[in-house]
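What follows is a structure written as structure tokens; I'll ask about it next.
All chains are identified by letter, namely A, B, C and D, in their written order; residue positions are counted from 1 within each chain.
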Amino acid sequence: MLDKIGIAKRIAQELQDGWYVNLGIGIPTLIANYVPDNVNVEFQSENGILGMGPFPFEGEEDADLINAGKQTITAMPGACIFDSATSFAMIRGQHIQLTVLGAMEVADNGDIANWKIPGRMVKGMGGAMDLVASAENIIVAMMHTNKRGKSKLLRQCTLPLTGVKCVKRIVTNMAVLDVTPDGFKLIERAPGVSIEDIQAATEGRLIVEGDVPEMVLA
Amino acid sequence: MNKVVANAAAAIEGIESGMTLMLGGFGLCGIPENCIAALVELGVTNMTCISNNAGVDDFGLGLLLQKRQIKKMISSYVGENDEFERQMLSGELEVDLIPQGSLAERCRAGGAGIPAFFTPAGYGTEVGHGKEVRYFNGKPHILEHALTADFAIVKAWKGDTNGNLIYKGTARNFNPMMAMAGKITIAEVEELVQPGELDPNYIHTPGVFIQRIFQGEKYEKRIEQRTVRTK
Amino acid sequence: MLDKIGIAKRIAQELQDGWYVNLGIGIPTLIANYVPDNVNVEFQSENGILGMGPFPFEGEEDADLINAGKQTITAMPGACIFDSATSFAMIRGQHIQLTVLGAMEVADNGDIANWKIPGRMVKGMGGAMDLVASAENIIVAMMHTNKRGKSKLLRQCTLPLTGVKCVKRIVTNMAVLDVTPDGFKLIERAPGVSIEDIQAATEGRLIVEGDVPEMVLA
Amino acid sequence: MNKVVANAAAAIEGIESGMTLMLGGFGLCGIPENCIAALVELGVTNMTCISNNAGVDDFGLGLLLQKRQIKKMISSYVGENDEFERQMLSGELEVDLIPQGSLAERCRAGGAGIPAFFTPAGYGTEVGHGKEVRYFNGKPHILEHALTADFAIVKAWKGDTNGNLIYKGTARNFNPMMAMAGKITIAEVEELVQPGELDPNYIHTPGVFIQRIFQGEKYEKRIEQRTVRTK
């Protein structure tokens, strides 16, 4: 079973040299810490910066330099700043190669829900609807089950959708799964997690073919 | 023609209860602090506010929410504000949540004389309900309309008396589009300079979009999530 | 009868303090030389500058600083530069208070034609179609008749249109006329030009009411 | 990832006859001189070129017209080029004339993932023929579609190896929008610098839009209408 850092480390393996990447709030943000050595990627934050660097040293925080999670950040050499319309021009125009975001639910057709629990919680979709509607490559980073132990990988989403048929890959604390026309296809198991464990924790259609390897994390 | 006004109180002259305002900023970054304080002071009510976020409980637009001055919010993300969530869930506050990119593009469209455009964002979700759907290259899009406001209020780093603006860092965010979309646009700046002091090649918002400008004071620039690393 | 400079001088009287103004190629460009002393206006050139100044001194020309007529220019203090999309955002979004442009034909309903003579001449519309479709205040600057003595103020345009029902005022070498629901209304006569001269040179419906004053040029 | 290529010949690798190109510039101001020369050299034909103007007889895109390399031009104004007018009137050259603002907006839309938008420009004219008309606020608008290109070629003043670009003066014009709208976008710059040398706050074209970049040479920067005043 992976912790949040493990999920981030596993997703970091997906990064390809030269990619521009948008990381959502939460687990996705952690991915920036585990980029493989031989891979250069640039991180876009949808509030208006490309080339986000690490957090500032204490005392060097700049209120005018934050990421989409409202955290103080730094800019790498070669960074650039832009307005929100230009930022979403990049996203909508498919100039960003990878989007990683969290979810409350994912359906086995690629639907995703992550912005609203009717009557209980409404934070808003922020940039998520734009991101999932346009990104060619969307990875969801989340726990396999919710706090009450219920599967977050469903046959159909029960919450209001963020986007339809858009998720390509899901990395959870238990597994790596791809969305296929026939449901979630199990790609890798987390260390120590059995196929049966994953089957038990997955409500949506699960495809298990042949030997499913265990993840290898650096 | 003189665009320069003395202060926030003078800048917001003509703003009345029931009007629609656009306010720049992302989170608490790049918000027009001086004008928000002046709006609290003025006490206008029943406002419709278009702003990406709603501030936090005790800063930014949260100050107007506390005083029940806002009837309706048009935003993309409001997760940092408990009072907001309370008013919304209780039905006291109308809320129109819009995908962030659509919000930015709709403001730009309002300023650019584009009444409507197609975007894929929100198709198949609540956001797309009742909106025209059209396929382009086999992909569904929805028709979104321009947004404008009676007054747009933006915050810049430097501005000249012609209204030309330069923003600093990610405090730029929604300010440039909203500056375009106000029937009257007010800019508050940290430093007001004379024409010729800003390089024409590096202006972010051309002065043509700005009707009133003033140098603000006592910027708090509160940080929402102070994150640091150790040396 | 006015010459081109006279037309420019007369139109300059229309300028109001604080206006942003777009001047077309030809006679309109001359207007910038005759702005009244107590009036501050800023000139927009649709290729991407606000705050255009006079032509440069010889030897100070900058190939990277031109107006929409491809002429070398200077920038005033407080000028700003922008891209073509932003430039037409200003125009389409009605942030420019006055547009002055030339025409081949104007109809008495406000239609204008100025970009094409089928089979003979096609220069293109440039920014003219955007300007006339959006500007709230459009003045046409042109000669009253063409080189063959034929009226350019018509009942209906014969050439392909640039815009429909958009022209508000016309200043020619002979007269100032407003477009009204009933046709061209004669506002002023050029020095030494009679109402009969104008009637003879105007093919469209012409409304002459009461005494029509002669223009006063500084 | 390395975006830097040695020269124009290397930059245009993969451009083939029959492709659609976007080329930045207004008149002869801000045109990619090096790449145009390389395209003449390469000898590709049947090109569709999207460019606000078509150069003059012996410079800019006029060079490609002379060699009959262009099948179709998509432009807003072509008044400075006799050879262009001759080829167009004789039917040798297809021409699609587009209002300048619509051209700029359609390129931006292509880069921004907006497949179509409404604009008032061209309603009631040839440009509006066959296009969907819709009224907004009582005013007729036509639906215009996004433009994209196999390759976009832009010219900037300074650029860094990440592809971030700064333009100088009115040489900016169409370059930023076209940079967004190319499947592959090539930037030629007068000065190529290392990341960190350009201020992130004053970048005109973010590097994300640029796939190849090189430092051009021997810029002629011809002036079309040299106008001066006497001291």
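What to note about this one:
Simple rule for what comes next: a contact is a pair of C-beta atoms (placed from the backbone, for glycine too) under 8 Å apart; a residue touches a chain by one contact, two chains touch by 3 or more.
What you see is a predicted model, and the numbers here were worked out from it, not measured in a lab.
Note on connectivity: the fewest steps through touching chains from subunit A to subunit C is 2. Across the assembly, the mean Cα position most removed from that of subunit D is the one of A. Computed centre separation for the pair subunit C/subunit D is 28 angstrom, with centres defined by C-alpha atoms. The geometric centre of subunit B is 36 Å away from that of subunit C, both derived from CA atoms.
Among the residues of subunit D, those touching two or more other chains are numbered 105, 108, 112-114, 119-120, 168-169, 201. Across the assembly, subunit A contributes 49, 75, 81-82, 85, 88, 91-92, 134 as residues in contact with two or more other chains.
Interfaces, counted as pairs of touching chains, are A-B, A-D, B-C, B-D, C-D. Contact residues of subunit A toward subunit B in the complex are 45-49, 54-73, 75, 81-85, 87-88, 91-92, 115-116, 119-130, 133-134, 160-164. In the complex of the two chains, the subunit D residues touching subunit C come out as 26-30, 52, 75-80, 85, 88-89, 95, 97, 99-105, 107-108, 119-127, 157, 168-177, 204, 221-231. Of all residues in subunit D, only 1, 108, 110-114, 160-162, 164, 180, 194-196, 198, 200-201, 203, 206-209 touch subunit A in the complex they form. Those residues of subunit C whose C-beta lies close enough to touch subunit B in the complex are 17-18, 20, 40, 42, 44, 49-51, 75-82, 85-86, 88-96, 134.
Partner subunit B is touched in their complex by these residues of subunit D: 105, 109, 112-120, 134, 136-137, 141, 145, 166-169, 201-202.
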